[in-house]
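Okay, so chain A shows up in both of these, paired with chain B first and chain C after.
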Partner chain A sequence: MPYHEFEVSKCIPERKMHAVVKGPGEDLTHALPKGYLNTIPGTISERGCAYCGAKHVIGTPMKDVIHLSHGPVGCTYDTWQTKRYISDNNNFQLKYTFASDVKEKHIVFGAEKLLKQNILEAFDAFPDIKRMTIYQTCATALIGDDMSAIAEEVMAERPEVDIFVCNSPGFGGPSQSGGHHKINIAWLNQKVGTVEPDITSDYVINYVGEYNIQGDQEVMLDFFRRMGIQVLSTFTGNSTYDSLRSMHRAHLNVLECARSAEYLCDELRVRYGIPRLDIDGFGHKALGDSLRKIGLFFGIEDRAEAIIAEETARWKPELDWYKERLQGKKVCLWPGGSKLWHWAHAIQEEMGVKVVSVYTKFGHQGDMEKGVSRCGEGALAIDDPNELENQEAMLTLKPDVIFTGKRPGEVAKKMRVPYLNAHAYHNGPYKGFEGWVRFARDIYNAVYSPMHQLSAIDISKDDYETGKGFVTRRMLSDAGLPEEAKASPLTGYTGKFDPIPDLRQKTYPAFERRVAPAVAE
Partner chain B sequence: MAKSKEKNVARANYPKLYDHDPLADVEPELRARISEMETYIMKNCLWQFNSRGWDRRKQNAGILGKTAQLLVGEVVDNPTPLDKCHWVDAVLLARNFKERCLWLADLGADEIRSIIEKLHARIDWLTIDGSLNEELTVQNY
Partner chain C sequence: MNCEVKVKDRIGTINPIFTCQPAGAQYASIGIKDCIGIVHGGQGCVMFVRLLISQHLKESFEIASSSVHEDGAVFGALDRVETAVEVLLSRYPHVKVVPIISTCSTEVIGDDIDGLITKLEEGLLAEKFADREVHLLPIHTPSFVGSMVSGYDVAVRDFVKKFAKKGAPTGKINLITGWVNPGDVKELKHLLKEMDIDATVLFEIESFDSPIMPDGKAVSHGSTTIEDLQATGSAIHTFAPNRYEGGKAAQLLEKKFKIPSTVGPTPIGIRNTDALLKKLSQVTGKPIPVSLVRERGIAIDAITDVAHMFLADKKVAIYGNPDLAIGLAEFCLDLEMKPQLLLLGDDNASYVNDPRIKALQDNVDYPMEIVTNADFWDLEDRLKNKGLELDLILGHSKGRFISIDYNIPMVRVGFPTYDRAGMFRNPVVGYGGATWLAEQMANALFNDMEVKKNKEWLLNVW
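Let's turn to the complex of A and B:
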């Protein structure tokens, strides 16, 4: 096995099995790091907790819901300033965050009464909101608070409200991924099948594992609506609570982030016979093929082809503009989970960059199988890295840019390596044909912006020439290009600063139904 | 559709088919052709990577079986939604193979079936029987 041992981790020998470099002629049966194991003592992981995975990744993007953490107020930190799963109802779920604010005395005497009081107060404070999710945290799990019993009590007293209980305390798994799993299964067991939807199309899907980061879901819904497809629910970005209770009526589950939501799709297949179709919304080829597959499934491939032709004609030239200028730029693709495989091949093929390393904080070996396959030989694949390993990797691989989260991103910035936010994006959405060009633009600006060189200068001490330092695109990225490319009137991205408001105004053609609607399902 | 919460704990005992790379002794020219197809799948597709071994077995058989049928011009029957789902991935795969592997046009139906059979064995080896993924045999989703 071509394991990679970091100098900084020699004192933690177990770490060796968590990093590999796929060598010439090697395949997945030779090179795969360990994954989804408890973090090894001595290594400071970048992972989140299982509560965080359940609530802050999957639960909270539901938009018409009071999301209440039962625990100390600190657990519920992630909110308006840190998450970017927007919604078309003025971002209610981002603007307000709720916690029962458990204190020492509650740990001693129990916090169930406190929880009930908090639930009632929250509903009273927001009388238009009738749905709630409540989340167990470490402290309240350990004292044995029965959240389900309290939720039942409230629902009996107030029949107009509905409450979902998520039992995924921070210690409920090696990482946030344990929480993804728990909330998938809990939602399925508690809520799916409890609402019957209105079926308005012959083609009905659930869009699963999509969290509407900076509008990704709205971009994809636009394509589905243009194809005449009814999206019964999105699990969970920009979705309503009740639409997710009716998932059992879809004809097809279209799965985007398999890492966080495949459990739900697999169980929906076993319990309700709904097939699972994995797609990639990132990259022009992958997205085009994804729309084609959904079109084929329903016998409406022509509608998909029309969209692909229109969008490709509009955006491909601008994508190619960046590709020409990003050739061979070295990338460390260091996201949380699924983006390592969503992006690894597409950015190399369509943007010309080279992925020199992939890592995952909470991915499983299945994610690494996809990621390692989609990288070239020699890429360093790391599972659950620590900060020192990241620094060593940056010093040895010398990437031009890294795509990662805020915390490792700040470390990279200090080492003068430009970083793009792989979770919440810089200037997303990144999904869709246009979104992919926005991503290319962000990569281009990260790689070439003179800010990074300038930031190395200490203006209080260093002697620097004031007449130098003014550089333009032609001097930076175009210097080595052929004359023809230099002379081209094209520039990069020409879309709007924020494309989402226009999407929210759009109307869609009504497609005639082929099948007469059933009177009752 | 019936709602069933039953778990089939026996499903993790899917039989192993290969104990070594089934293409280890294939002659180089044929091996190179299969590699082209394998590389396309591993870089562009996701269907071969369902999380459990028994599902991977069904996915590989369903999609590659239908791909072979499509490549030799057979009519493909899709009696269930799951079959249809396999078929859409097969259609895309067959199209991409035809576009990229131009040598396919010179092969007869039996040769195509035989090459996809070998490809199937290789994908089963990479994703199931030779896989280092320790979660393939976890019994629940």
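Let's turn to the complex of A and C:
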């Protein structure tokens, strides 16, 4: 497995160790790209900062909380309204963001007083909200404000409020990943164990590393509830602050995004003896296996099997309809961190597409281990990608579609490569059996867009066809299919534009308790 | 006095209307051809600003980071800039202009980017890139001063300062557009063309409305060249219609090269466009052509269709960059509307001396509030708790939830407008902009009448 040297990066030899091509019959012992090292300045890397990793990725999905950033206004503004983590309380966390608005005089004389006034003002503006998270930024870290002392002061004055402090300035680590780590440990140290939950089931889990992008968490909670499992908390999508203070009472931590939240699970195991079970909510097989594993852990496999059977019967035919039409399409799977291994094998097996490249912006070598092992031969794996290397990769690999972020998606657009948003999704949720069909639908819509076909025609040079007034996706996707497939009565995905409101209305059967609840649990 | 100017009466910010200075410098930098800025600070200062601008323009473009990590924050991070310049120049052979844009972190630790640039010019550039034309310049934009608006103003001034030269008189004017959209630049250039006036436009971002080409090779970039910037020192006059977004550069050219300048007014609406054209005519001696009389007439015709029947007395709140917000307020008054609340810019103390604001104070005959250093809570709190009633909101996308949650129609203007398609393509300036704005506002109100079933039948016979 040779390291891959990009033409555009020949002048920075250290980049050579950051990309590999998986050769025939090779495995991880042959080579692995380096990961999570300091960024080379000036490469136009796609990495973000540790502040955003803490505040924007992990903190803010908590829904009943005032999220206050202590610093100049830009960190708050720039990260606000750039994600799709929804909640069932009218999206408070998406709509409101708070900045202490540090100015020059505060840099000189300190901003602790300013912070305190801010905290009080924010609580006064939203009298129904009693919980707050405060995030350090580069500027306030450098001037050395003691945010914890201020938080303690306010909590002493106002016993009804609770405040969490996260010291994760933007410069703290090579990427946003540094912030994931810091907020994991800070939450555990400050807040876990400070609220005692009501235990209502024999099977109690925390669902960790899940941020409810377009409703993913609510889809997954539906399965857990149908199995009679009590989900004590979700770290952190659509979750309340206080539920996350009671994580220590779970019987099992079910971990989705190991990149952003494994630190917390590992420490909960050390401190409270709670086992960690890694799962995948993406893909019919991976999700089925995940539900089975959880069922097995609690001895309720039958409940898992019932769900898998029902969901598969409903959605597998539609997934297969897309698979038939996406067979062999080449994909660059270029997400941020964990999706490179959540998706790589699942989309290849279940949608028939071929992953020709994976990259990770803030992943560690562990993510590359999983990602590379789940890719096929010839796949190009890139750590800490940058603009020129991506362009070179797209030119040489000629993907049919690319999964990446919004702005890199614009680069792809110009190169005539359709893009899907890997972080926020195009039309998610993508988790769950139905969600996976939605993902396939979005890929199909991108690849077979009639407009994409038109964009290839140079009307000044080409002898182009003019006989048709329109072309449908189906005319493009079914052209080479056998008659039997063309005759399929299906037409693809049949679900709703937004499946989440129905889930919020849903009621669940009560399962009989196996163990009588302890009086003072 | 009916119209009151006040500073936000809270200390913190709930839902900011603006971002910080480095974002403004970055927006200015992408207007220059063969220019890639290096933002000296944490990576988020670039990554999120690029995302923000690309959400607005639906395009990509390049800005680099010096990627300051912990060690740099503790021991100084100038070595990161050195590496960044070398790596950037090595990998982007076409790049000629590299502004080093500071941020809060690197201003606090006191990294001397000015000194470093001298060192690089004598060392790296002379040794490794001797056969290349490369210009480095420092732009100081600490995030804890001003806002993205002042960051833009500072950056435009610093670009001009770096390049402007006194040469043979060009006979051209300088037009510093301010923080506008590709559609605005197109409209302004159209006016100049009709007037037969030769101008250097800072910055030529019209090209950000760019195509997908069959060969897949189209790239979005600004089109203002080094030669354009150099020529600003030999112009006959500088126009900076947006006082707070280009005014500093106009002052610099006046002081250093004795080039007279006209700062303001923002050419939003018929009246302000008239003023700009008149001044252009005076300065250049070129008459205002009949073609523009006709265009103006088309705009007035369109506005007459909607103004006194539908727009009159409609209560509107306006937020955004100060020049935009003030210009819109003036135009709304000409449309017989009643701006209730203007949320302006940052903590810039000079807003109260703006002649346009003084004129509002002297002439508005109903209660109107102008808030400086404002945030979105200044709007929402008034709606939620203080009885403010509105028919319309004018502003950018970050305020979208106020419109949604309080059922007030909204016309997207300014930056950023990511939640509506193609907003960047349309002008708000000039006669074309006046037409577009008036019709957008009318259509927003019409749609609202239908959604709320509020005299929706009125439109049967319009």
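Methods note: the second predicted complex is superposed on the first by the 497 of 521 C-alpha atoms of A that agree within 3 Å, B and C clash if a C-alpha of one lies under 4 Å from a C-alpha of the other, contacts with A are read in each partner's own complex, and residues count from 1 in each chain.
Here, a residue touches a chain if its C-beta (ideal position, glycine included) is under 8 Å from a C-beta of that chain, and two chains touch if they have at least 3 such contacts.
Source: prediction; values computed, not measured.
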* Asked: Just chain B (first), just chain C (second), both, or neither: which does A:292 touch?
  -> first
* Identify the partner contact of A:98: answer first if only chain B is touched, second if only chain C is, both if each is, neither if none is. => second
* Asked: Given the touch rule stated above, what does A:42 touch, chain B (first), chain C (second), both, or neither?
  -> second
* chain B versus chain C, judged by how many residues of chain A each one touches -> C
* Should A:57 be classified as contacting the first partner (chain B), the second (chain C), both, or neither? -> neither
* Answer with first, second, both or neither: which of chain B and chain C does A:365 touch in the superposed model? => first
* For chain A, what residues appear in both contact lists, the one with chain B and the one with chain C? -> none
* Asked: Residues of chain B touching chain A in their complex?
  -> 1, 3-5, 21, 42-44, 46-47, 49-52, 55, 80-82, 84-85, 87-89, 91-92, 125-127, 130-135, 141
* In their shared complex, at which residues does chain A touch chain B? -> 27-29, 32, 34, 36, 189, 193, 248, 251-252, 258, 262-263, 266-267, 269-280, 285-286, 289, 292-294, 296-297, 341, 345, 364-366, 369-370, 373-374
* Residues on chain A engaged by chain C in the complex (per definition of touch) -> 8-9, 11-12, 38-52, 68, 71-82, 94-104, 106-107, 114, 117-118, 121-122, 125, 137-139, 141-143, 169-176, 387-388, 405-408, 410-411, 413-417, 455-458, 462
* Which residues of chain C touch chain A in the complex? -> 10-16, 18-23, 36, 38, 41-45, 47-52, 54-55, 58-60, 62-70, 72-73, 80-81, 83-88, 90-92, 103-105, 108-109, 142-145, 147-148, 210, 212, 214-220, 347, 377, 381, 397-398, 400-401, 405
